[in-house]
Structure formats: C-alpha cells, structure tokens
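Quick one: structure below, then a few questions.
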Amino acid sequence: MYRSRPKGNLEPESLNFMSSLQVDNEIASYDILGTQAHVIMLYEKNLLRLEILKKILCELQILRRNPKQLEMKGCEDIHEALETHLVKKLGIEVGGRIQTGRSRNDQVILDVRMKARDEINSISSKIIILIERILRKAEENLDSVMPLYTHLQQAQIGNLAHYFLAYSEQLFRDLERLSFAYTGINKSPLGSGPVGGSTIPIDRKRTALLLGFEGLITNSIDATSSRDAILELMSTLSILMVTLSRIAEDIIIWSTQEFGYVEIADNFASTSSAMPHKKNPDPLELVRSKTALVAGNLLTAITILKGLPSGYSRDLQDLKVVFLNSLSVVSSSLGISDAIIKSLMIHKRRMKQTVLDSYASSIDIAEQLVMKKGLAFRTAHRLSGSLVKLAISKKMVPLSSLSKHELEPIIVETSSHLKVEELLKILAEVTPEKSVLLRSSEGSPNPVQQKLAIKLLKVRAQKYSDKLAKRRKHLNYALDSLENVVSSYTKM
Amino acid sequence: MYRSRPKGNLEPESLNFMSSLQVDNEIASYDILGTQAHVIMLYEKNLLRLEILKKILCELQILRRNPKQLEMKGCEDIHEALETHLVKKLGIEVGGRIQTGRSRNDQVILDVRMKARDEINSISSKIIILIERILRKAEENLDSVMPLYTHLQQAQIGNLAHYFLAYSEQLFRDLERLSFAYTGINKSPLGSGPVGGSTIPIDRKRTALLLGFEGLITNSIDATSSRDAILELMSTLSILMVTLSRIAEDIIIWSTQEFGYVEIADNFASTSSAMPHKKNPDPLELVRSKTALVAGNLLTAITILKGLPSGYSRDLQDLKVVFLNSLSVVSSSLGISDAIIKSLMIHKRRMKQTVLDSYASSIDIAEQLVMKKGLAFRTAHRLSGSLVKLAISKKMVPLSSLSKHELEPIIVETSSHLKVEELLKILAEVTPEKSVLLRSSEGSPNPVQQKLAIKLLKVRAQKYSDKLAKRRKHLNYALDSLENVVSSYTKM
Amino acid sequence: MYRSRPKGNLEPESLNFMSSLQVDNEIASYDILGTQAHVIMLYEKNLLRLEILKKILCELQILRRNPKQLEMKGCEDIHEALETHLVKKLGIEVGGRIQTGRSRNDQVILDVRMKARDEINSISSKIIILIERILRKAEENLDSVMPLYTHLQQAQIGNLAHYFLAYSEQLFRDLERLSFAYTGINKSPLGSGPVGGSTIPIDRKRTALLLGFEGLITNSIDATSSRDAILELMSTLSILMVTLSRIAEDIIIWSTQEFGYVEIADNFASTSSAMPHKKNPDPLELVRSKTALVAGNLLTAITILKGLPSGYSRDLQDLKVVFLNSLSVVSSSLGISDAIIKSLMIHKRRMKQTVLDSYASSIDIAEQLVMKKGLAFRTAHRLSGSLVKLAISKKMVPLSSLSKHELEPIIVETSSHLKVEELLKILAEVTPEKSVLLRSSEGSPNPVQQKLAIKLLKVRAQKYSDKLAKRRKHLNYALDSLENVVSSYTKM
Amino acid sequence: MYRSRPKGNLEPESLNFMSSLQVDNEIASYDILGTQAHVIMLYEKNLLRLEILKKILCELQILRRNPKQLEMKGCEDIHEALETHLVKKLGIEVGGRIQTGRSRNDQVILDVRMKARDEINSISSKIIILIERILRKAEENLDSVMPLYTHLQQAQIGNLAHYFLAYSEQLFRDLERLSFAYTGINKSPLGSGPVGGSTIPIDRKRTALLLGFEGLITNSIDATSSRDAILELMSTLSILMVTLSRIAEDIIIWSTQEFGYVEIADNFASTSSAMPHKKNPDPLELVRSKTALVAGNLLTAITILKGLPSGYSRDLQDLKVVFLNSLSVVSSSLGISDAIIKSLMIHKRRMKQTVLDSYASSIDIAEQLVMKKGLAFRTAHRLSGSLVKLAISKKMVPLSSLSKHELEPIIVETSSHLKVEELLKILAEVTPEKSVLLRSSEGSPNPVQQKLAIKLLKVRAQKYSDKLAKRRKHLNYALDSLENVVSSYTKM
C-alpha cells in the first residue's frame, strides 16, 4: 500500500518477520475509533468533503460491529490493513484520504494509549475488588492468632488479619501508582505525523477531545518516539505483580502440611498425575512465575528503548508486544488471586497451637521487663534470650514452665537487679496468647487498632471506587459523544 | 551485641559475608537523626529519664559532627555499630536503651527513606538545571535546520531545537514521576518494631513529625517488609536514565564524522592511547552503559523482592545496596549530561547542507498536492515517491531539478488529473529549506510554535523549581526543629 | 482425569489460568514419541501385555499422523490430553496404563529436551548457512576499503571484509556454545517419576536409547526440577542474538544517508505510510528488539528458577513458555539476517571516498615514525596528533598536503630529532589508501592475511557442518529405529 | 598522557565520571604481566633495544612487588597509570615505548581474560570442595528418611541424601560449564591494536605463549570489541548462583520451626536486635539475594553489549565493572555455602516423624496395586486417592488404619476386581517407612542405588580435581617461565 519508492513487494519472509498483526487485534477497535475522530476533524477543518466523510464513517461503523470483515493478510499491521480495506471498499479517492495529516507513528501510540487507559481502569477495578475481599477476610480473622514471620522464622505473635491488612495497604499503593500512570497515559499524540508534524492545518485538540483525552503530547518527536509512559506503566504492573507474588508465596508456605494454616479450595487446586494424595497450589505458583514474566517484559522494554536514538524505530513494535502481554497477564493474575483468597480455608486451631508452642513472645517479655522493671532494653533482651536458650535445651518447654531455681542463675548472669519472683510473674502474664493484646504501637496487630484500620481502609476503597467510576464516566461520555457525532454526520 | 540466644560470635567469614557496612556510611547520618528523634520521643513518653536522654543526645551530636569516631569493625551494620558505640561510651544502662520499642527492621527502612527523599530532591534539582540548559540551547537553535530522523533515516525536515524541546518534555515527565515517588517515600515506618509493633507505648506520629515525614506507613508488617516505594523509585530512575541514554545516543550519532552536526568540547572528550586523531564521546557512552546498570539494579531489586514472603528477610539488604548505587549513578550521569550539553558545539552549516541534499521534504510535497490540488493523500504519496525514485536514479539530483518531460509519465502513472505545470510549481515552492515554515500542526518544528513552547516550558521549569524549593524548605524546617529540640534538651 | 483426592472439577477460571495448551502443540509430537518409547519399555519389562501395547501404539501412530484428532479442551496440558484421548478411545484398562512408572514431571522435561535438541540442530544449521554467506561476502569485499570504527568514530583504515570476518568468528563461537549446550540437553530424564522415582521396575536406559538420548539425568529430584540446561541454552541464545543485534546495528548505521556504505534490498526494506521517500531497515531493527525479547525471556527464566526450592513447581510451566518463545524468535531472526546480508548492496565508491577524507591513518604515521625513525611511540603519537589538529584547523585538508613550513614547528614542539624531509616522505607514503597494505599483525585487515583467514574459516564451517550432520544422523537413526520397533510390535 | 589532538586536560568532573580506577586494582597485576610479555616480544622482534627492555622490566618487577607505588590519580585507568608511571620514572624515551603496537583496547580485554581464567580456576576449586562436602553429607544421611517435595507439598518419601545427591549433580554441571567457558576465555587478544591491528611487525603468538594462553582471538575487530566470552561466563555464574540459591531456599525452609529438619550452626546464624529468641539463616538469604545481583549484572552486561555496534566503545568499561563484581560475589557465596553445609545440624528424628504422618506413600500403594494386582495405573491412582480422602476426613489417620468396612465401598466405586483383603495386605506392607526400599528405578532414593551414585560421583570429583590441577599447572608453568625470561633479560 505504501511502497511508493521501494520496488516490488516485501519478501513474504520479511513481511512475516515484520508483521505485528498477531497482537494488533487487541488494538484494532481503537484504530477504528481514532480514524473516525481523525476524519471528522478533517471534515470540520474543510480538509475532507462531507460525502467522503460519510462513506468512511459508515464503513468504519460496519467494521466496528463486525471486526472480522477486516482482512489482515498481506499487511504489516492494523493501520495498513484498515486503509487497504477502505480503499478496496470505497476506492482510493475516498479510502486514500484517511491518512491525510496522519502517520502510522502517531497512530500506533494513539491506539496503545487508548488500550492502556481502558486496561488501567479494568485492572484498577479488579484491585479494588481484591482489596475489599481482603478487608472482609481481615475482619473474619482478627482472632486468628498466629506467629508473624521474619526470615521465615517465627518472629512476633500476631494474627492473620495483620497480613491481610498489610496486603491491602500495598494494593492501595499499587492503585495510586496506576492512577498516576493514567494521567500520563491519557494524553493524545495524534497529529504529530511521522516525527515532525504536518503542513496540513489539522486540529489536534479536536481529535483529543473527541477521543476523551485530557491534553496533548505536544512535541511531535516526543509524541511519536517516547515510550516513558509505557515503561512507567509496565513498572507499575511489575510492582503490582510483586505484591501478588508475595501474597502467593505467603499462602503457598502456609498451605504446606508443615505450616497447615490455610488450605486452597479444591476447585482451585491441582493434583498430580502420579501421586493420588496431592493437592497443589498451582495457580499461586503461576502468579509467582507470571511476576517474573511481567518483570522480564519490563526489562525487554527498557532494553529496547535504551538502545534507540530519538524518532520512531521499528524496535518499538516489540515493545508494544510485551506491553500488551503484561496487561493481559496482570489482569488474569488479579482475577485468580481474588478467587483463591475468596475460597481460602483458614485453620485457626492449627495457628493457635503453633502460637502456644512458640517462643515468639520473647520480645514482649523483654519489653515488659523494660517497662515494669526499668531494665535497659539490651539487658532485658539478653535475659529473655537466655530464658529461650534454656527452654530449648529442655526439649522446647514453654517459658512459663521454667522454675525459680532455673531462673536465678540467668538473672545473676545478666546482672540485673530483678527479683526472681518478679520475673516469674512476668513470665506467667506475658504468654503467647496474651501477646497481641499487650501490643500498643500504632499499626500493630492489636485487634482494637485493626478494627479501626479496617474501617479507614474501607472508606479509602470506596473513595477509589468513586474516583474510578468518575474516570470511566468521563471516557464513556467522550466515546458516546463521538458515536453521536458519527451518527449525526452519517445521517446528514 | 544482639546474640542473646545463639552461642558465641559469628564466624568472621560469616560476618564479612553479611556485613552491609560498605554502603552503610551513606545512611549513617540518617541513623543518627532517627535515633535522636526516637529517644526524644521515648523521653517525652516517660520511657526514658532526662539524664539518660541528655547523654545519648550529646554523644549523637558528637558523632554527627565527627562521623569517623564511629567504629564499624566487628558489626553487621550501622545500627549495631551505633548502639555498640553508645554502650561503649555511656554504658549499657544508657546506650542499651536506644532500641526500646525499635528494631533494625524499622530502622533501616527509615534511614533508606530519609536518604531517598534527599536524593530525590537533589536529582530533581539537577533535572531542572538540565531542562533550563536545554531550553536555552533550543532557543539558540531555532534556525539550526536539520533532518529529523526515524529508523535513523532522514524523515522530515526540522531543526535541532525540536530535539531539545522533545528532551525537555521527557525530562519534565521524569520530574513529575520523581515528585510522585517523593510522596510515597516520605512516610515514616519508624515504630513498627521487627514486624508486629511493640508493647511499649511509643508515639509514632511524634517521631514522624520530628523527622519531617508526612504521615506513617501504618501497618507494621507493611512498614518493615514492603519495598514497593523503592522499586517505584528505581523504576523512575531507570526511565530517567533511558531519557538520558537516548539523548546521549543522538549526540553520539550526530558527533560522527559522517553526520558532523555537533562536537563535544575537548575537555569532555577522551582520546585514544594509540590513534592520535581520535576524539571520542566517552562520557556519553558511559551514560548509556550506566543506564544498563541502573536497569540491571532495578531487575536485581525486583528479583530479590519477588522471591520473598512477607516479613523482613536479609535479602533486602542487597536491595538497599543496588538502590544506593542507582541513586549515585543517576546523580553523576545528570551532572555530566548537563556539562556536555552546555559545551556542545553546533555545526549549523553542515546541518543546512544535509537538508539541501535531502529528500525529506517528500511528505511536504505530497501534502501540498493534497491541499492545493485535492489529491487523495495516498495518490499524492505515490506520486511523490515516484519523483524520489526518479531523482535517486539520476544520481541524487534535487526534486526541483526534475524536468517537465520527466514528470509527465509519473503523473500519468499515478492517474491524477494534475497538470505538469502545477507539479513543477509545487516542486519549486516546497523546497527542503522552506519545509519547516510550512509546518502548521501543533507541536511541529515551525519556529513560531517552538518559541511559544519554549515560553511555556520555562514557566513550567520555574513552577517545578518553586515546588522543589518548598519541599526542601519543609524538610529543612523539620530538621532544624529537631536540632533545636536536641539543643534544648541537652541544655536542660 | 487425575483428580482422585480433590473434590469436583477445577473452576474454569482456574483451568484457564493454569493451562499450558497454547504452547503445548509445540511439544505434542514429542509427547507421543516419548509415550511410545515408554510403553514399549513397559512391555519389554513385562509390565504391559502385548495386546494392550499394540492398541496404544496404533492409536499413537494415528495421532502422530493426524495430531488434530487430539482434543485439548478441558485439559491442563498435553500430557493430560493424551491420556484422556487414549482412555476415551481404548478404555481405562488400556489407556489408563500409559502413566505406569511415569509422571508429568519427568514427561514434560523429556518433551522439552527433545524439542530443544531439534531446535539446536536447526538453529545451528542456520548459523552455518549465515557464516558461509558472510564468508562469501568477505571474499567479495576484500577491496572495499573503509574506516573501522571505535566509539562510532573513524578509528583505523580497514575494509568491509574485516567486519564480515569478525562476524563469522563470533558466529562460530555461538555455534560452539550451542554444540556444548546440546550435550547437556541430550540426556533423558524419563523414569524419574514425580520427584523420587518409582517402585515399578522400569528400564530408564532402554527408553533413553529408543529416544536417541546419550545418557540419563540420573538423580530423580535433579531430573524433574533442574532447569540449568535450559537456562544455559537460553543464555546461549541471548548471546547469539547479541551477535546478530550488533551486526544489525552496524548495517543500520552504514545504511544511513550520512554513512551510505550499504543499502538493504528493496524487498526487505519497509517504507513509510506518510513519507514517500522512506526506505527503512525495519527487519534489522526488529532483530535488535528481538534480542531484547530473548534477553528478557532469559531474565524471566532465571527469576522464576531462582525463586524455587528443589522439586517441581508449576512456575516451571512459564519457564517452558518463554523458552519456546526464544527458540522461535532466534530461528526467524537468523533467517532474516541471512536474507538481508545476501541481498545487501555495497557502495564501495562511497567507502573509498570516506577513507580518502579520513585522518584514520594517523596511527600508521605514528607507527612508521617509530619503525623508520626510532621515535618512542608516545612521542610519535603526539607528533601525529599535532598534525591532525593542524589539518583540521585548515578546514580538514589531507595530512599529505601539509607544508614543510607548517611541519617544522610541530617537530620542534615534540622535540624529536626528526628531519622535516623525513616526515614529509612518510606523510607521502602512508596515505589512507595504502594503510591496509602496511598492516602486518596477525588478524589485521591486510588482504593477504584475510584470504588466509577465509580459507581457514571455510574449512571450519565444513567441519561444523559435518559434525552437525552426524548429530542429526544419530537422532534420525534412533527415531527411525523407534518407528521400526513400533511397526514390528503393532504387526505382531 | 594521550591527549595529542584534543586541547587541554579533561574536566575533573569528566575524568571522575570516566575513570575505572576503582575496579582496576583488580586487574593491575595482569596489566603489568601483559606489559612484560609485550616488551619482551618487542625486544625479540628487534623493536626495542636491550637496555630499554631491561629498564622497563626492572621497573615493572618493582611494581609487581609493591603495587602501591603506582600512582593512579589523574588517570582514566590502569593502562594510562602504568605508562605514566614508567614515563615519569624512566623518561619518555623508555616508558613511552611500551605502547608500541599495542592499544588500551586490546590491553584491557587481555587483563580481563587473565583475571577471568584465574577466577574460573579459583571458583572451580571451591565448587569441587563444596561437592565433596555435599557427598560426605549424603553418605551420612542415607538413613535420614524425609518427604521429598513438589509444589512445596509432601510428594514422595525419600531421604535427605537424595537432595544432596541432586545438588552435587547440579554443581558438576556448573563445573562443566565453567570448564567450557575457560577454553573460550583462555585466548589472547593482545596485538589487535585499537581495532585494526598494527603496522608494527609484532608477534602475537609469542606474547600469547609467554602469558600461558592457548591460541589467539585472531580477528582484530573481534578481539577488541567482542565480549561474548564474558557474557557466557556471566551466564554460567548466574546459573551457578541459581543452584546455590535453590539449595539455600531448601535449607531456609527446612530450618523453619514448622519443618524443623535442619538447623544452621550458631556461629553462622544471625539474631535479632529486638527479638531475643531469634536465630535467622541470614547468610543463606544473602546467597539468594546475591543470585539476583549476579543475574542483574548479567542483564546489565547483555543490555550494554546489545546496544553497541562493532568496535570498542566506552560502554564496555561498565561491563567490566559488573563482571568483576559477579566474580567476587560468586566466590564468597560458594565459601559461605560450604561453611554452612559443613556445620549444618540434621534433625533425623523430626524427619522420621513427618514421614510417619505423611500420605506421601500413596503413589507406592497405587504402584503396588498395578504390579501385584494388575490394575491399570489410573484406576489404582483413583483408588489410592480415595483412601487418602477418607483418611484425611478421619482427622488424618494413617492409611494402614483404615478398616475393611471402610475400604469396601472405595473398591466398589473404582470398579476394580480387587479383594479387600488384598488391599489390606498392601496397605500393611507399603508403609511410609518402607517406601524408599521399594523404590527400584535408576536414580531413585533407594539407598543401594544412592551408595553407588556416591561412589561414582566421588570418582568424578577426583577427575575434575585432577583436570583443574593440570590447568593450573599449565598456567603456573607459563607464568614461571615468563618470570624466568624477565630475570634472564634483566640480568643480561
């Protein structure tokens, strides 16, 4: 279609290697919308006659309703396919006018931005659903006392709700990042031409408005060859996947027979072709591996862009490929994460038993020695550590079972002025079960505080939900208006 | 210092492998400030006696002024070194109290966040300087007509200013991303304990205020083990480096003898140990490679975090290492980029000559045929392409030198109703030199529009500069206040 | 099919998320072959009756010839689909026996290894073709004198052949690495069970022999969960792509109007939808971006594997996905690179002119001063550099045009005992054109040496070709033998 | 030193940005050796007078013994520093001759290759030590029966030795890859000049021999600008780190209180500043994060190289930086892994108890039903799965405790012709404890086979050890000979 200077057609091998059609179906509908807006603007600027506009708009409406009519074969990409289709249907005198003042270079990034903003909204919506699910789970598990882990070792006593609250905080930040990325994405590059704009007196603001953008990427080199907004979004998606991956990792570990805290519902678990007893958390493992995929895509994108001078290069086509892949992977990973958490079984009894057997209240003991007996924390830490060392050597007895006789040398050793009775009293009071209730710092797993946190986080989820609805409404309004303009012109 | 339960000391090999002291000097000053704020809060909450507070504050002030007094050997990290120092100097009854209600897990991320916000401000300041430099260069090069490139091939006629304007737009977005990242970074994790908070009634809002933070990372698991804010910042730095790398790539290409558009100042160019005539753009090449470094660091960080369950793990130490490395690399890359652009020599004559020899106005000819003669763009494209094909076959003559006799068959071939005289007139009018002046779309390299853009971008630079100044002022105010509080307590 | 313990079926959402069927068609034929070998061994070990063997083999032969009969829907992967098909066709008493002593965990890596060794052979073959093409191009371009570049600056005088020879050396190393990787890949994991082998007395050596493997991956944990051989191959592919990317980068730069050394054939070049004069090296740009893709895939694979404990995890499924993607991308990139180099046009005259205008013989002058006049190299370097500086200041005159009068102060300045006539003589002799002929070190672009190199490299290519043919013959022999065994049993 | 053409000195900022001195101390000794070999060759080819040779050699010997005499300040790199030092000490007429027929471009990659081959040998030696350690641990743990895991779920019964044997197999492959990489590394690039060789009649084979290389990188473009051998080695190191990381991950998981299979020795474990009871496997966590580091370095290196045309560019300097970093990280990670495994405590009783409580023998039961009762495996799988489902529902009773009454409906359900007594007998026989002894496939954890494997692997370790010793001997011989040549010339 475009080969005015080079002789002959592309070698099939070359065409095949260069084609982006395999992924272009994901942006085809945006290409049609963008073309509608463009020709409307051309008409309004007297650059196209009404009868030509009508023919083009009608044919594009047909394609929107029946995209399969668009023959892709023999074309490099959706843009060439679309023009070829229109020329074939309407003649070159009509179809050959749609690229007036437009180039594939501004067109492709227009499509990508329209796709991206829709996907940001869809992904954001899924995050909000996941957050709300998690908050509900948190509420149900305020009493699911369990150890909190650092270094995968029992660290302090907490509860399952505390993990869920941590997840929701992280997901809120992912949401914020997406919201910020949206602002960067939702600007129109259309009208930048191949790299240096056009001598045709087009109206960029008009097409931007018709397509629901808030502003332009003004400079024409920048608009056609920058992809920082895409890198930013891919980073944001990678970070979101890391959030999901860490949640998945937690649940995978807790699902082992050895931890036994939770269990994935049967209809989400896979089994073994060989081992009949198996119940595996495969979807969560795939969330982990897909995190690596999305990170690999980000690296691919950075590496592609890093190697380029300014101005569009075909390398950017593969950046589009990995970008679209990441969007799709993230979307399905969110869905599956939500479904699994929704149906997750919680084994509270097992958690409780583990807490009772744990030394994870050793820090609470040290802190009580500080607060009640005025010990320096470092001294209290030593004393408490020595108690644990002794209890372990006694085949893992509870700290509260240590006798006066055993405690005395430890007190002497740490040269504190503590009386052994005082220590005994503290050991009796600061049991693993009571640990969480003693916790007083802001953001700690004390259920009183957690209830407050849940309340605030629910409000926050609602706020984001409203914000997202507004964003979508704005887009829908613009696209409905475009539809109306199309209708009114075609009926003229 | 902390080995209450494990027997004996760490093997030197193990200590050496685990130590983060090599990089901890970059966060030492923040550890001291954080400790000051923490003990002040402990005192104010009646968790520390005044005389103890005074001793600790005094010793910390000494260290702030003379950081070399801090002996690091034998310690795993700065936090252990600091407590060890204080215990050694002031006794365990005093120094042994600074970790009351605090853990290395909230402490290290506190330090990293304080470091990060200072670095964001410093880097932002360097970006603003670079933008202002580039805008000045743009102003000086509105008349530096040159081809704009796509696929590294001459594409449309433009000017050097258009590249500079594109760079500044990109850098503004980098600035915006840093500004957004700042908001995420500038929240206090202090008071989260190791993972589950503390039973000590600490006041997290107070320490946050003393240290200039705007809000808390509330949930204690989240505060100690999330690093999404760091990943976000590292992504932002990677994207910024990609911007710089593409600028570097442009200048490296333009600096070749073959392009010859620009020349790096001698005092920034390297030469060869072997080839006396060489003048190489080495610093720009290093900006490119350092982009790969910063991207590699990002990948390292993502890979580290992706592999972890919730809760602090020592893996995060290496995340800190690559993060600090990226901050430092970005900072120096910005400095060198600015210095090189500042002293860059522009060979306007060479640019002009290249434009005159170029066929990059072929799109302008096609567009004029559309506008003036009503041709469909695709028809005009073919016609213009045929002209170029012919001109190339005639040993690269200018299009305007093609004769009536030569043009006629081309007009026939493209079956347009064009008269040959009309075509001749357009070819005479639409020369490469006039190309830029014909450009009319918003964001194109028409100097009238560029002047407007420069004006707007300067205002924007000022706005960011003010915003940054305000951000710094807020921080300085907080830290000055902390200094005052320290003073007043030590003098009590 | 396998859900003996978990209740009910998988949720469709979960099945969809977990399914690997989209890529499994690439390994389906290997799964059938592997199953044939496995059941033959079972029969030979008296673990299967002949009539059952015959039924299974017959049905598998049908599938081999008509793979579309294999219904994939509702299955997680090819292995489940295959057993489901056989059970459906032959009943559970027949089809339900194929997994005796076998698991999906050893089966999938068997398939992947069989696929990998075929692809290594196919890719190796393409590399040899490319090398032979490049060597032919080298022969044709021994007289294509051009500057060699460092830092993208003209460095020394050389010729185009020298680049081609460098490419062929690099490709030979890529070939060697593939050959080494082949040895690691071509070992059988079959018979390792899910992770700990089987109590069924299977004969692992027999299936390995039937499938053409040279040896076993013995340890069953290792065999089912290691993927280092895949990482190794993916690294090797990444390095190969870097070779291709650098070749592409060279040609892209040389194809600019400014360099003008080479030109891609029209039927491999893309043009612009907007700019009629454009002829872009798009396929080469895509070779560059696909290098980033293959590197991104490597990173994904490393990140996936790095996060796993020993033993199969579902994460490995996505490792398979990116691995298969890399194999396919590398294969097509080699094909296109070969086609482009084959049809590349060389502009020898332009190269020659550039050489004549170049100062890249300055090192030759310095070296001649060392050899003929005994100057220390550093002194000669300074003198030669001063000549260049002077010539540049005289608007880029050739060094040989500098006058006695101009040379004298430079000689004095570098305090050498050189007579000006001697210098004049050297400048007259050591012209850019003669530069290459003066070159004497091994591996330099002196055509005498290059001819020798081409001869040796051709022999080397033949040697690799023979080696590859032998490797393929071995595989074909094994698979033909398997076919014969299948035939003989089915006819029993 | 080299600035013959560019005016004035480098800006300090630029020098600082470009300097590689921070890492060059790691290659300084090789630069000296390379220079010695080079000047000896120059003398032998009559390109240097004896007295000059002697002076240079003497001064270089002094530097070798006292490297701190080498002043680095003001220089870009070690090569410039070395020449500057010699010129300062011996005058330009002597020191100014060392770069005759040599360039920094061939020099730096010479140094890097010499460093790399020494490091390969050192790392290989550490791997062999680790393998031997692991084999000894395997021998000691043939009776440490424990579950083998897939998806982190109990899969089959095995023993700890089986993991150790898997590790050793993997490490052997790492060793093989290093050995292969060594061959690629150990070739001399010296004598390639900056990119196109030299007109000086140097003898490249002679310097290669003096420095212990086996052959040349012949082509001068290739020799100076290829880095595939480095990428290959960095990939190999990444894969090795993945091996170590997965070992670390296993041990970290087994070290949890919940698994409780192993325990790290106190002198390798870290504790908490806050939680006195903590004993954390920090060094293993750092092995994991350093794996990410080494992978990030690989990506940096690929990204750097991918962006370059042929010919040396300064970007390669940063490739050197990350390469040297990876070498050092890998070396220390191997050391610490060995030390930790050496002192690892094994809790056999805990393992045994877990096995007794496990359903991981369900596959053995299914297989026995196949072998002894002729059931189709899929039928047996279903039956065994139903048994497990029932046992779990009975609060996790052992399979052998299921009653005749309970088994009957399951037999009916799976419609097998099995008699319930037969099933009861199999359940009584195939207990978790006996599981391993029933295993018969090659490479399974049957101790009889494991003992054989250990024997073979020990022989293999010895073979590698011998091979490595030979490689080192060859190098030492060459360097001793060089030392002798230096001595004999300096005494002439």
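Letters A, B, C and D name the chains as they come in the text, with residue numbers starting at 1 for each one.
In the analysis below, a contact is a pair of C-beta atoms (placed from the backbone, for glycine too) under 8 Å apart; a residue touches a chain by one contact, two chains touch by 3 or more.
Here the structure is a predicted model, which means the values were calculated and not measured.
The set of chains touching chain C and also touching chain D is given as A, B.
Looking at A-B and B-D, the interface holding more C-beta pairs in contact is that of A-B.
One inter-chain figure worth recording: chain B and chain C are separated by 34 Å, centre to centre, where each centre is the mean of the chain's CA atoms. Once the centre of each chain is set as its mean CA position, chain A and chain B turn out to be 23 Å apart. The mean-CA centres of chain B and chain D are about 34 angstrom from one another, to the nearest whole unit. Shared interface positions of chain D, defined as residues touching 2 or more other chains, are 1-5, 83, 99, 105, 150-152, 155-156, 193-194, 253, 271-280, 282, 285, 288, 291-292, 295, 299, 302-303, 306-307, 313-314, 363, 381-385, 388. The residues of chain A lying in touch with chain B in their complex are 1-5, 7, 47, 83, 87, 92-101, 105, 148-152, 155-158, 162-163, 165-166, 169-170, 173-174, 176-177, 180, 184, 191-202, 204-205, 216-226, 228-229, 231-232, 235-236, 238-239, 241-243, 245-247, 249-250, 253, 288, 291-292, 295, 298-299, 302-303, 305-314, 363-364, 367-368, 370-371, 376-379, 381-386, 388-389, 438-446, 453. Touching chain D in their complex are the following residues of chain B: 1-11, 13-14, 16-18, 76, 79-80, 83, 99, 102-105, 193-194, 266-280, 282-283, 285-286, 288-293, 295-301, 303-304, 307, 313-319, 321-322, 332-333, 335-336, 339. Those residues of chain B whose C-beta lies close enough to touch chain C in the complex are 150-156, 252-253, 255-260, 271-282, 285, 299, 302-303, 306-307, 354, 358-360, 362-363, 366, 381-385, 387-388.
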